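Two complexes come next, and they have one chain in common, subunit A, joined by subunit B in the first and subunit C in the second.
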Partner chain A sequence: MQKPVIATTSLAGCFGCHMSLLDIDERILELAELVEFDKSPFNDIKNFTRQCDIGLIEGGCCLDENVHVLEAFRKNCRILVAVGECAIMGGLPAMRNGIPIKECLDEAYLNGPTVRNTNEMKIMPNDDELPILLDRVYPCHEVVKIDFFLPGCPPNAELIWNALNALINNSEMDLPYEVFKYD
Partner chain B sequence: MEQSVSSILDTYQRDPTQLMDILIDIQSEAGYISDQAIEQAALGLNISKADVEQTRSFYHFFSKKPRGKYSIYLNTSVVACMMGRDTVARTFEHETGIPFNSVTRDGLIGLFETSCIGMSDQEPAAIINDRIFPNLTPFRAKELIRDIKAGKTMDELIVEGFGDGQNSNKDIRAIINNNIRKIGPVLSPDYKPGKVIREILPKMTPGQVIDEVKNSNLRGRGGAGFPTGMKWELCRQTESSEKYIFCNADEGEPGTFKDRVILTERPKLLLEGMVIAAYATGASHGILYMRHEYKYLKKYLENLIQGAHKRKFLGKDIAGIKGFDFDIRIQLGAGSYVCGEESALIESAEGKRGEPRDRPPFPVEKGYLNQPTVVNNVETFCAAVKVLLNGGNWYRSFGTKDSTGTKVLSISGDCRNPGIYEVEWGFSVNDMCEMAGADDLQAVQVGGPSGSLIGPGDFDRILCYADLSTGGSLILFNHTRDLLQDVVLNFTSFFIDESCGSCSTCRIMPVLLRNKLNKILNARGMNSDIVDMVNWAKVLKASRCGLGQTAANPIVSSILNFKHLYDQRIRGGTHYDMGFDLNRAIQEAGTATGRFPLME
Partner chain C sequence: MGKVSTFTIDGVKCMAGEGSYIVDAARQNNIYIPTLCDVQGVPPKGACRTCTVRVNGKLMTSCTSRVHDGMEIENNVPELNDLRKSIIEMLFVEGNHLCPTCEKSGNCELQALAYRYAITVPRYPFLFPRRNIDFTHPRIIKDHNRCILCKRCIRVIKDKDGKNIFAFLNRGFKTRIYVDPDLAENLTEELAQKAVDICPVGAIIKRGQGFETPIGRRKYDKHPIGSELEE
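Right after this comes the complex of A and B.
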């Protein structure tokens, strides 16, 4: 039987969820036996090379580029899993959602303490090559269909491991309280 | 202002439970409630600033900033919109030069929106400085703004002449019409005020009064239908030296206006009913909690209460019954639908935010100031008078077996004769539509937004507690109306605006449901959206009060009875669409950076 193929990405996230996946420690070897990785920061494959079975998404969408990547994941993965707070609810980046974009940009490039006296030309980066900000940070499921959600900031390594196991073996997920208890 | 806040505090003996009245007076005197006034009130009442602040921030008619010398509150209810509210609104904006929710630069005129003001039979209507201006047209709106700018007084703004019946009374002087279309045994003008108090009560023990009301099988007329006799008995059985009778005249359910007409035309009947309840339960204080929108009736009612004192219908040893003391005061609300829920109403009357309480304990055990309290609807008290006058058996001869007596209905919308109708329980929706002169109907909203939206297939259903229960409102829609856009969306927004925010279910879920509905209205909906709405709506049942529990009713009952309207608007197949629009999402940043990306 062909090994299941996994793809992962970090959108508007901090890579903490990816780090948490690595926290499965020596079982990473076991995982490497069980699955193959396609597009992922783990192997630095930039573009999809084939249809994948499982896509793990860290982070929400704060840029147009995030939306394009997420849509590519939806297109190329049979199952999409939103991993962690940011992917599920927008997380920390979504703190800007109550503030108008103009205010955020002005603070970052014109008025903030680190730029106030250095950006004399009052330049606001707007090269066409740069991704463009969305009006707010969107959780993944507001952009594409998400099949499963793994909560946590980051989700416990065991939770990710158990979820992958369940998906790969098409079995019931082992979900003891400890793996998603955070307070 | 400092001086006047201090004198307002003195008027109410610096009693923190009178905070509502205090804030209403400050608001009406200064046009707003400043932070400084809050500080002064907190100090004077010996409560925290937060206590005053949270009451101010809860109610729609309290404001932190000036609302203009002339504050115009234009109704946004479904019926107002049907009757041309939007063109009136645009005229107000055009003539004043400001958008809604703002005040002109000279501070003369403020434009604001407000939920249903109880004038559904004469919409569109607005409140200007506590007075009602019904039947507005763009022309009339233009005229009003012109007259205000010309410096005319409130009295001079009224050019229509006063309404029928007591609306022309010197203490009311309102342009409003009663539109009483059908009178039954409860509202019958054949009534001699005080007869029950003077001739019947002295011959009966409180227990006998309760038995008679029980025998009549009278149930609460606010909508929930709790047996009135039982409520009185439970209150009677609770031991306490202080008990309270509340009349719930916070008629906020959009489309309902019957209490307004009763308060105008049969107020003595209501007051007599409260006295009877006081006698039956052993209460010595009565509070008539009236919505702020009906403030124009306050002086009239206060004079009537004074008159009742003179005639010994209120006061000490009423009707010569030793130790039977009872008085009534009026408590105004300040614009909040949820205060129609009895425990929220009690909280509000105590000067707090109108947040419903956890139950038990029920108000009959621990209500106002933690004392046993009976809260009844205006119409319930009126019916109780007729029950004692003519007997429970007589009352039971009207209506159906489980729903005895009559119901006063408020009918509005697409019909020739909007107004109030007192009919026996047991009439069908069809009968009522015929009576109101409506044909070509697409739908009827029974019982306001928290009730149900039914189609012609259900018009033979019966108005009674067992089938179609209603607090009294029927709104009729003909085939020109877009039910989802004009009705369901409006009602859902109403619940969002009026949630007290206490339960997360009610604070969040209606917003999510409205997003889904908007997605469908924007032609981005899918079958799964409808399934989601029905499933998600169940969460609302976990809310503490009726507002939260019924907040999804407009959506759920329209899906149940008008599924085809949804089907027409959704995309078929398995296509998945979250309603996300990338082009729209990047517009703001494109404008902010001066970069206008090419549209894909």
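Right after this comes the complex of A and C.
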């Protein structure tokens, strides 16, 4: 039987969820036996090379580029899992939601205490190469269909491990109370 | 002692003092009914509806309804639990509940109920309202992002003359808790701490301190809310 293929990405996230996956310690060797990795920061594969079984999404959508990546994951992965608070509800980046984008940019580049006296030319980054900020941060399931959600900031390594095992073995997930947390 | 009423909760025979509230009567019989706005010993408000039970076929809040002889109460059944779950989810999407940044995380009753019902994602879209954080009081910080309008602070915190220090301001979606400016000084250190402790979420927090208890030793880190009754 062919090994299941996993792809992972960090959208508007801090890579904490990826770090948490590495927190499964020596079981990472077991995981390497069980699955193969395609597009992922773990192996630095930038583009999908084949159809994947499981896509792990960290972070919500804060830029147009995040939306494109997320859509590519939906297209190339059979099962999508939103991993962590940011993927599920936007997380810390979503603290700007509710505040008009102009106000956010003005605060960041013109009026904030660290830029007020240093940005004399009143420059706001506007290069064509830069991804475009969305009007607010979107939880992943508001952009594409997400199949499973793993809460936590980051999700406990045991929770990720249990979820991956359940998905790989097509079995019921073990969900102990101590590992199901939002912080 | 007055008369005793006998009734059933999910088919289990129970007894409690006649006229006690269903939620208290259940507690006396080691049955947990989830609550959020209810405070033991304080007149109930029925604000959050989390404690909804079905009595003789009719839905009612168990914190405001009294037991009678022969009552048949449904509590821990899939339909009611899903209803409660949907209320918790609504509270999550209606405010800005960023658990990772919140001082109350681990000790928060709203979060504890979400853990109990294993909510991974709310079924409703997030509203992301714009709410302010109020730093004007010297002893407390009010974070309106987290307030669930349970009225606990209004009902519990009274100054030495018995006056309410907290109140509701505005109506509907704009409703928020408010400290009466004329009585703000009466919120002593002791009352401020009481307000912080009584708040089920992190909407009222103490100035100058936070994250006192390490992760792993907080109230709901190891055991679900209500489990102390169910053992």
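By definition in this document, the second predicted complex is superposed on the first by the 180 of 183 C-alpha atoms of A that agree within 3 Å, B and C clash if a C-alpha of one lies under 4 Å from a C-alpha of the other, contacts with A are read in each partner's own complex, and residues count from 1 in each chain.
Note that in this section contacts are C-beta pairs under 8 Å (C-beta built on N, C-alpha and C of every residue); 3 or more make two chains touch, one makes a residue touch a chain.
Remember, predicted model here, so these are calculated numbers, not experimental data.
When the two complexes are overlaid on their common chain A, residue A:101 makes contact with subunit B while staying clear of subunit C. One of subunit B and subunit C touches more residues of subunit A, and that partner is C.
In the superposed pair of complexes, A:142 makes contact with subunit B and with subunit C alike. In the overlay built on the shared chain, the residue A:113 is in contact with neither subunit B nor subunit C.
Once the two complexes are overlaid on the shared chain, A:177 sits against subunit C while remaining clear of subunit B. Within the superposed three-chain model, A:82 lies in touch with subunit C and out of touch with subunit B [touch as defined at top].
Shared interface residues of subunit A (contacting subunit B in one complex, subunit C in the other): 136, 141-142. Considering their complex, residues 64, 67, 100-102, 105, 124-126, 128, 132-136, 138, 141-145 of subunit A touch subunit B.
Contact residues of subunit A toward subunit C in the complex are 82, 85, 88-92, 94-95, 97-99, 136, 139, 141-142, 146, 148-151, 153, 175, 177-178, 180-183. Subunit B makes touch with subunit A in their complex at residues 576, 578-580, 582, 584-595, 597.
The touching residues of subunit C, when paired with subunit A in their complex, are 96, 98-102, 105-106, 111, 114-115, 118, 120-121, 125-126, 128-131, 215, 221-224.
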